[in-house]
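Listed next: structures, encoded as structure tokens.
Both complexes below contain subunit A, partnered by subunit B and then by subunit C.
Right, the complex of A and B next:
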């Protein structure tokens, strides 16, 4: 169905863009809110969840080569149940995409252009996403390949450049919280790392599928280290408790940057660099929901579904939340259950167990 | 009816071997008769109402011969030689001694001392050769005629390239004559594998187009694709190679150049050696080469004639130029309108001071100034050179000076637009890319004025997405940046030393992939180092 082919590197870069962007906006304060100075440990622990999900989704993809989850769900569960679960998955892609759009656009509005209505930002970025998807997976994967570097450098600058404000003694005492609490709060960061399961939808578009699981695990671990560095920087700059109270610690950190006392207030550039990364995350979610919809109904092409789904995503994004506090609350309390404990880990794991069980039965008979 | 007509003589015809040799007989083959008067009548009817055609009848010994050509398109010396050989030098009876049908053979092989000749029997073909400025000899009693290539079209001499001047390297450029152009390429690339195919394109202009490629370097699939696209062309006239470019490139609705047109033979040969093909079009000093990728347009021929370390700096400058040329006005307006806090404080006062008296918002000012600049650019191209100087004075001095003094625009903005324009000219040698930059700059300016940096980011993303979706003969436009081919980055943002270009571009070249196999320079042997003092040399015997 997807005419273009992407390389393994492009897939890894796309997943990196997905796991980093918008996560850095909410994760630092949510981590700090839960376990104060140990937030960076939860960022690292989140990778364990991520690795687990990579293994499950890759194992499923190996069983059904060339098929997306939406296509192999009916093969595992039977047609009616599989199609229904597929539709639920597609809705999940769409709704998470909408959450991301809302989250990022609110961030943009609050930080750099407070007087512009949300809808203006949303419509412009979604129109561009529509254009990107129209011109094919290949082309936006390529642009992401070029721009990811810019995004990561911008975030790294936020982590490193406020060095004169960092006080690492704020990270002490180390691992003060009980392991049970650490693991429980790592589920928040783990559920973001779990967006890696979108790779399942993209694997059939790979030109070569040899090192995918290795690449994805490396990506998950590296992103974990990167986000842990982000947490360390945040906590070292503000202290554990105040970091948890900030709306966007990332942005506050960016405001501390001052180069040679001439170039300060560079946070706008950082935010703009995030646009370049988040755009591809939105594209990935929109792509997966469009492709999934087409596959549920068995359409040969999915391009004609792009426009309605783009509009739907804008609508969802505009109406899901009243404001940032509600979204933060959603991310802290609902999101792990909506993502990690259902769509990202539990359902794929159950599916894999069914497949395993069935193949064992076939072997016995 | 229309379809029938098209199948006869409209499609571009491929000539099997290069040069004016065998042409496959077209569908309407009509042999000429052995009666000269009939043939003359036929030809006169074909060329009725043409005043600059010459029908010259004369006798070679006792045999009547008719020569036909277009006035002014034949080399005078050659035609005089033809007439002298046939009218004066030939023994009286020689042509009568052979059978009538072998008369042209005799003339061709024994009498005329020319190498570019060919026997033609088809009337339509005779007509075509005459139209393509050759001379035709019709011999009485013989049902074949003789084509003599004594072509001498009005042409200028080889001169310095106009669009792509360089300081270092060869200074000859292509001209409007295809023979000269292919010779310029051939003389630089003396390899039997440099193959060429001729096509006649244009129902009415019958323009010759030569496809050149190095057979064992070029990718056969790409060459096959070009052949297919060339034979698909059906047009009345080809006036310049850009017609061909537009008709065969992968996509036309784009501002970016998808085929490189160069007027430098050395650039064309370099492209051929990388596995690209070249299209030489008669009447155009621009030779097309493809597949082209974006970074090629950021390279200049000089880059390979200078020290690589210097070129690092120059390349960096060029990439900075394209960034400044496209983004500076947009960034300035975005800063002034939306992100004032980003401007360093001392600069804020300077800019605010100059903007204080200006009545319009920054975007209006900037658009006004940019459009005035674009108009000036356009007019300075179209105007005769003599008047051009006047435009420069009016544009640069009077307009700029007066606009600032009347406080219609702020001086800072004038600087911004001027810097951006100068940066645009830094890409001058790639004229088609410089045109694309003009469009991008305008788009980014409008976006920056409306939505600040967010708008600029979106518009930049749009252009990047568009470029990433482009292909030139199947090769992704962003190769080797995306898909990333690390090995080939050595000729992108910087240029590595020549000895490190070991392989040809992987997505473009076909079979023979080794480009350079020279070892990197190593420290010299002991006997020729600076330490080789006179004592040692004397011991070795004087040298």
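Right, the complex of A and C next:
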């Protein structure tokens, strides 16, 4: 169905762009609010969940080579149940994509352009995403290869440049909070890391599929380290409690950069990282929901579904939340259950167990 | 066809999306450079009085200084020829008072360039917490913004002209930025203050700014009668609820700066007894490092050990009794300097224990170093801090003597040094 082919490196880069972005907006706040100065530990622990998910999704993909999860769900669960679960998954892709879009446009509205209507940001990013997806997976995966570098450098600059405001003693005492609490709050960051399961939809489009699991595990771990560095920098600048009191702590951190009175007001770095990175994230979610829809109904092509689904995503994004308080509440309380504990880890794990059980029965008989 | 569409999109998009609805010309902005916050009566209740110092860009850029223009506006504002003008309003909240200013000011107030926030003494005594909400919530102000507490009314600080800079807040900002750690100057930005406040055990501090008689005056200015200016005179000490408790004088502030590792530049003058007379010698600080070690005593109380390591250069020997600055003399001076530093630290320690304000962050050191025992102290730290024992050790080294070996005039020709 997907005519284009991407390389393993392009997949790894695409997943990196997805995992690094939008997390930088909410995670520092939620992490610091839950476990204060130990927030960076939860960012690291989140990678452990991510590794589990990579292993499960790759194991399933090995069983059904050349098929996406939407295609092999009916093979595992039977046609009616599999199609229904597939449809639910497609809705999940669409709704999480809508959350990302909303997060992105509210950030821009709150921090940079408060008087500009949401529709402006919405239309620009969605028109761009639609245009990119129409040009095919291959083309936007390649663009990402070029732009990911800019995103990572911009974020790394914000982590490093406020160095004279950082007081690392604010990170002590280390691991003050009980391990249970640390693991529980690592589920929030683990849920974001779990977006790696979108790789399942992209694996059939790979030209070669040899090192995918190794690549993805490396990506998950490196992104974990990167985000931990971000948390360390944020907490060292503000302290555990004040970091949790800010809406966008990492953005506030970028505003603290002032080097030799010349490099001042560099919050634009965050906006660069966010606009470029979120674009690919939205593309990935929109692509997966479109491809999934086509596969549920057995269409030969999916391009004609792009426009309606783009519009649907806009509608969902505009109507899901009133504002940041609701979004933050969702991310802190609902998101782990909606992602890690259901669609990202638990359901794929159950599916894999069913597959294992089945194959053992087949072997016995 | 495709190319035409592409070019069309490129042109229209770049024309339309340059700032969208939020496009603001710099000519339409009033740049606020400093703000002052006081408590004041408003509608029969206690409200806030907000005072803004607003730049007059033409005069400010030309660098003429306040003295050239003269006549900054008083309350209500009025565009004189000075480098800045001042506007002040009252309201229930800070935003409330700011919104009232719009009735008088033609341009939009822009708070993105405010560098210093000054809080009045009355506001500080009643607690600063409510004032910080506007400062942290606003997308225009930054956490690197410096804060200061004024003796008396804060608005008065902003109304004064500065003989040494374009405006008083500009002067304060430059001092805080370039002279942090000099003598008794301890700059505190919002992030530092709020961090200390968030610990609940360490007392926040903020520099104290005061109106003082002016000493740097030309004859012309003396005739015109500009007699006051501002100066930093110490440190305001807050309790854990951000209420002003007391102030440190300059010597106590310097004592605190040794302990919290903030001393960067310092001239320490010590007495040197020679020929039966004490004569002053000035030393210049090059490096100062402190370490706080925490142990738990048998009686269950934490005991602290402050270890200072300081390096000086000799700066001046103001003396009639001449003497070569040699190895033996330097060893003596090192001892005297150590005693002096320890005395300064003991002075501030005594005062803060009397006040019950943990300005050093001793509580945090217990939390970090004796992590297991911390929970039992946490609740009672306000009672424990005044009675803890602190040992101070100071190791001083004097390295160089600048460009003179011995003072001029110390010996004449043919007189060999013994």
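In this text, the second predicted complex is superposed on the first by the 363 of 365 C-alpha atoms of A that agree within 3 Å, B and C clash if a C-alpha of one lies under 4 Å from a C-alpha of the other, contacts with A are read in each partner's own complex, and residues count from 1 in each chain.
The rule is short, and it goes like this: contacts are C-beta pairs under 8 Å (C-beta built on N, C-alpha and C of every residue); 3 or more make two chains touch, one makes a residue touch a chain.
Just so it is clear, the model here is predicted, and its values are computed rather than measured.
*Asks:* Once the structures are superposed on A, label A:135 by its partner contacts, choosing first (subunit B), second (subunit C), both or neither.
*Replies:* Touch status of A:135: first partner only.
*Asks:* Please work out whether A:146 is in contact with subunit B alone, subunit C alone, both, or neither, and reply first, second, both or neither.
*Replies:* So A:146 only meets subunit B here.
*Asks:* Have a look at where A:111 lands relative to subunit B and subunit C in the superposition and call it first, second, both or neither.
*Replies:* second
*Asks:* Would you sort A:125 into first (subunit B), second (subunit C), both or neither based on which partner it touches?
*Replies:* Touch status of A:125: first partner only.
*Asks:* With both complexes overlaid on chain A, does A:276 touch subunit B (first), subunit C (second), both or neither?
*Replies:* first
*Asks:* Does subunit B (first) or subunit C (second) touch A:234, or do both, or does neither?
*Replies:* neither
*Asks:* Determine, under the contact definition given at the top, whether A:9 touches first (subunit B), second (subunit C), both, or neither.
*Replies:* First partner only.
*Asks:* Contacts for A:258 in the overlay, against subunit B (first) and subunit C (second): which applies, first, second, both or neither?
*Replies:* Second partner only, subunit C.
*Asks:* Could you look at A:212 and tell me whether it touches subunit B, subunit C, both or neither (first, second, both, neither)?
*Replies:* neither
*Asks:* Indicate the residue numbers of subunit A shared between its subunit B interface and its subunit C interface, in ascending order.
*Replies:* 112-113, 116, 120, 124
*Asks:* Quick one: which bits of subunit A touch subunit B in the complex? Just the residue numbers, please.
*Replies:* Contacts found on subunit A: 7, 9-10, 108, 112-113, 116, 120-121, 124-125, 128, 131-132, 135-136, 138-143, 145-147, 262-263, 265-266, 268-269, 272, 275-276, 279.
*Asks:* What does subunit C use to touch subunit A in their complex?
*Replies:* Against subunit A, subunit C makes touches at 13, 17, 19-22, 136, 139, 142-144, 177, 191, 194-195, 198-199, 367-368, 371, 374.
*Asks:* Which residues, counting only subunit A, touch subunit C once they are in their complex?
*Replies:* Result: residues 110-117, 120, 124, 165, 167, 169-170, 172-173, 176, 237-242, 245-246, 252, 255-256, 258, 261 of subunit A touch subunit C.
*Asks:* Which stretch or stretches of subunit B touch subunit A in the complex?
*Replies:* For this pair, the touching residues of subunit B are 338-339, 341-342, 344, 451-458, 461-462, 464-466, 468-469, 476, 478, 481-484.
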